[in-house]
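Data first, discussion second: the structure below is written as structure tokens.
Chains: A, B and C, in written order; residue numbering restarts at 1 for each.
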Amino acid sequence: MGYGRFLLKRGVQGVGVVWGVVTVVFILRFITPGSPIDTVAPLDASQETRQRIAEDLGLDQPLYVQYLDYLWELLQGNMGYSYISSIPASVQVFQKLPATLELAVAASVVAVVISIPLGVISATRRHQPADYAATSFSLLGISTPNFWLGIMLVLVFAVELNVFPTSGRAYGFMQSLAAITGPEPFFTVVTAWLASLFLPAITLGTYFTALITRLVRSGMLDELSEGYVRATRAKGLPETLVRYKHVLRNTLVPVVTVLGLQLGTLIGGAVITEAVFAWPGLGTEIIRAINARDWPILQGSLIVIGTGFVLLNIVVDALYAYLDPRVIAE
Amino acid sequence: MKIGPISISPRTIRNLRKEFRSSGLARIGVVLVVVIVLAAAFAPMIAPHNPRTQNLDRAQLPPLGFTDTEQRTSTEMVNGSVQTVTENVTVNATAQHPLGTNSLGQDILSRAIYGARTSLLVGLFGTVLAALLGVTVGLTAGYYRGRIDDALMRTADVSLAFPSLVLAIALIGLFSRFQADVAIAITDPLVTTGVAGSFRDAVGLPTPMPETFVLPTVVILVVGFVNWVWFARIARGEALSVREEEYVKAARALGASDVRIVFRHVLPNSITPILVLATIQVAAIILLESALSFLGFSGTTLSWGFDIAQGRDYLSSSWWIATVPGIAIVLSVIGINLVGDWLRDALDPGIEGEGGM
Amino acid sequence: MSETTSGTERAGTPTGDGAPEGHPDDVLRVRDLSTRFFTEEGQINAVESLDFTVRDGEVFGIVGESGSGKSVAALSLVDLVDSPGRITSGEVWYRDADLADEFRDDVPEAVDGEFVDTRRLPEGVRRALRGPAFSMVFQDPMSSLNPSITVGEQIAEAVEVQRRARANPRRTRSRTQGYGMGRLIVDSLLPNRGYTSESSMNRAIELLEQVGIPDPAERAHEYPHQFSGGMLQRAMIAQALAGEPDVLIADEPTTALDVTIQAQILNLLRDLQEEQDTSVVMITHDLGVIARMCNRVGVMYAGQIVERGTLSDVFDSPVHPYTEGLIGSIPDLDDPAPRLQPIEGNVPSLLDEEMGGRCFFADRCPKAMSDCLQPIPEYDAEPGTDEHAARCVLTEREYDEADALPPDHFDRNEEVRGDE
């Protein structure tokens, strides 16, 4: 089986999972107590008004018709309209998505850039001070709730030292790009953008930094005992290549697998990080939608998150197959 | 040693002991867990105050070793005109509240001790629920394979696509109208029997202590439900390999029923990885519970996450309110993770660090 | 030393005063090499004062049961013993006139004539010898090649190392071997850059062809899991030859392979060795391989060479009862009448505390005498030559039943220890 066919197979499976996600989201609404009519209709609405709302929302149809309708509308990119603002849910959700993506990407960059060298140092200098420091850090990192870490960072860097803003998102990535030609001074915009991104990214990234450090360390220790490491050294290859081109690459295979499974944690972590820093992303939107019982927004957000998870996992699979060519053969 | 159908070999015990002796971290972990479990169990006896008692005169007292400067504004008549006077008052810590008090004057140490109860109970019951669900699904899928396996594992894929925290807040948020009805108030036997009361009288601690303790049932159901996948994956893998063993084939050839084979052979062989995963899951669920109560989706106010959310509003004036419960979370999760590492290293079940928030 | 007479004690030569004397064709002289493993169970003496020499263009065989320390000896030669193992003493004299000239002034104790003691050279220099001086073929080709890099690329790496070393020997001996993190990052990030060059890939394909792999240009781009065991071992040999080594160390190169493939691989090694005039150290437990391949042999037991000599010395007139036992344990197809005689007992644990100062084979030896309870030096077995030697008192004297140890001598000692 070639690389293309492998990805195609994964893609087909992914579509199945997305369909499952949509179905679960649809079902969720019907097992939830309370009717959407109560959310939309005024408290003193007459029976006729309620009836009309039910017809508007399609609630008078049999369940399977509603389900098929829902699927059909989704295929056309229609996720319904917010009960509160009447804005199309798709518009509202995709408006919030970039801020969350930005946060998740920044956190992942922080995590990967710090954790891989740290894990390698930890494994190659086993039982030395650097290893103990890295191991302690990673234990602390996977054991600290990120919302509390965020609050502590705010306490130190925003309240006491006053070097970073406590909350909010000053500018986005696109706005920073636009500032190159725009009227606002580029440097100010970028500095403000990065300053507002810094604490949230560290907050969200710490758990992953710690987790990847741990995985890289233990994986690398396993991998260093493999026979090919000795054979690679026996042919006189520079240690840099032995460690990074050979050992680290193979270490990353299981690391990538676990990270694929942990993507949910990244998204969940983003939700709560947004809550701590009042970051105007999907997480803040979800919490608002739940409290307001704004069903279409909640459903839309869950579908976007579920689909995002599936897409990212296909990327992870592609990476996995690239790192370990045996995967495709199986 | 034998517990039900599961027997623990002397070799296992020897490994556990050896690893315990050689690893300082394992010992730290066990000590932390024991301290936290004892604190949770004997909370009504050792907590210096009733965690719910409010005292606005003693609000925002700093922990021992710290002082706090507070600005007090008062209006006074000076020379016949009303003037607003602002003065800086130094607030000293008191030994009665070693870790200070919160904005309502509640004792932070007592709340941290009672918070351990919520965290541990949710962690334990949530894990048991997740394990029961996940192991049942996983064993069924792995043992029967074929279509049942496909169907169950696709369900698991879909379940994985929803981050636990997001699914949990969605479920709790949507069912929250029922929360108050379903939350179970357990009576605290140490208090109702008077044991705690007479102990506290003897050592001079204030009484009375709360007679009931709220078990956040909805939270337990939800965290259990959203974490079943990890157990299902492990149990399925074990079942797939064990069912190919000769003795399982032999048992089937002899006409043993599927249920019997699963309980007598497959389950006991999968118990080690499940146990190690369960340990890590207790920590993960404690983190999840604290996140839920931080976001205001908890069924109880005696929770570390809830206190952190409260303290967040007073960050600039009273840093300790949010700090102390956070340290409590970190210490207990570190303790459980270290115990998990110890079990994993000693029992070597061959699983990676799976299962997060 | 070459003038020593029969029966003269030859071991215990003070070390540290230059290369041991030997045959003029020697390319490698190993003296008193000891490697120990420091484990939780105790100190394991895997290699215990090993002495042997290897000559130009010959195949020197090291034969022994599994657990006798053969593989550790091989790794000790190329300085690849992993923690908790460590080479604790000994010298590995390697003939290289250029290196000798280079270090004659700086490290005089590491130079003797054309020989250098690799153990005393700086680490960078020692490392740079892997490839052009020594290279290795390992037992299990499947686990000795990286599963996620193409076979051709891995061989090309071995070619490239030497190419770069020749272009810039000084950098190759530096701490990073001329290839640090900075270069790795640049090479990984820029397209069309990497450690290996196109010409080293072409050379790798040539090497694959040389070791008899069909369609080498295509197979070079395949991964190890796409190769059969025999083909993979051929690729391993190609990789080992990439540096044009003076000494090729083959550690059980055929053990993991099917019997039919074994013969092909041995023929290949034999042909390549004759073609390129490389010296080969052939390590095996298989006397058949030794008989077929080797000019001279060392028999290894419990970390020591207990008997060495030419093939006919060792096979036709063995002195050491262990050698006799080994030869007796292979079936003779021409004369199937006598029963096979396996050696009684097990290979010793090599745990330092259990070894004691005696002939390590005494507990299994049918001819053990009271003389065997002291450390046994190496004796010459034939007058006027150091070619055939053995660590056995029987080189000195005849077996005397009156002196024999009682059959339960070691059992009693076992019992005393057995309580632990």
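Heads up, the rule we're going with is that a residue touches a chain if its C-beta (ideal position, glycine included) is under 8 Å from a C-beta of that chain, and two chains touch if they have at least 3 such contacts.
Computed from a predicted model, the values in this text were never measured in an experiment.
Take away chain A in thought and the touching chains that remain sort into B | C.
Comparing mean CA positions across the assembly, the chain most remote from chain A is C. Looking at which two chains touch through the most C-beta pairs, you get A-B. Chain closest to the overall centre, judged by the mean of its C-alpha atoms against the mean of all protein C-alpha atoms: A. Taking each chain's centre as the mean of its C-alpha atoms, chain A lies 54 Å from chain C. The centroid of the Cα atoms in chain B and the matching centroid in chain C are 57 Å apart. Distance between chain A and chain B, defined via averaged C-alpha coordinates, is recorded as 24 Å.
Shared interface positions of chain A, defined as residues touching 2 or more other chains, are absent. Against chain A, in their complex, chain B makes its touches with residues 25, 154-155, 157-158, 160-166, 169-170, 173-175, 177-178, 283, 287, 290-291, 294-295, 305, 308, 311-312, 315-316, 319, 322-323, 325-326, 329-330, 333-334, 337-338, 352-354, 356-357.
On the side of chain A, the complex with chain C involves touching residues 225-228, 230-241, 244-246, 249-250, 253, 323-326, 329.
On the side of chain C, the complex with chain A involves touching residues 75, 78, 80, 82, 127-132, 135-136, 138, 140, 143-149, 154, 157-158, 161-162, 165, 176-181, 183-184, 195, 223, 225-226, 236, 239-240, 242-243. The touching residues of chain A, when paired with chain B in their complex, are 13, 16-18, 20-21, 24, 28, 32-34, 139-140, 142-145, 147-148, 151-152, 154-155, 159, 207, 211, 214-215, 254, 257-258, 261-262, 264-269, 271-272, 275-276, 286-287, 290-291, 293, 298, 302, 305-306, 309-310.
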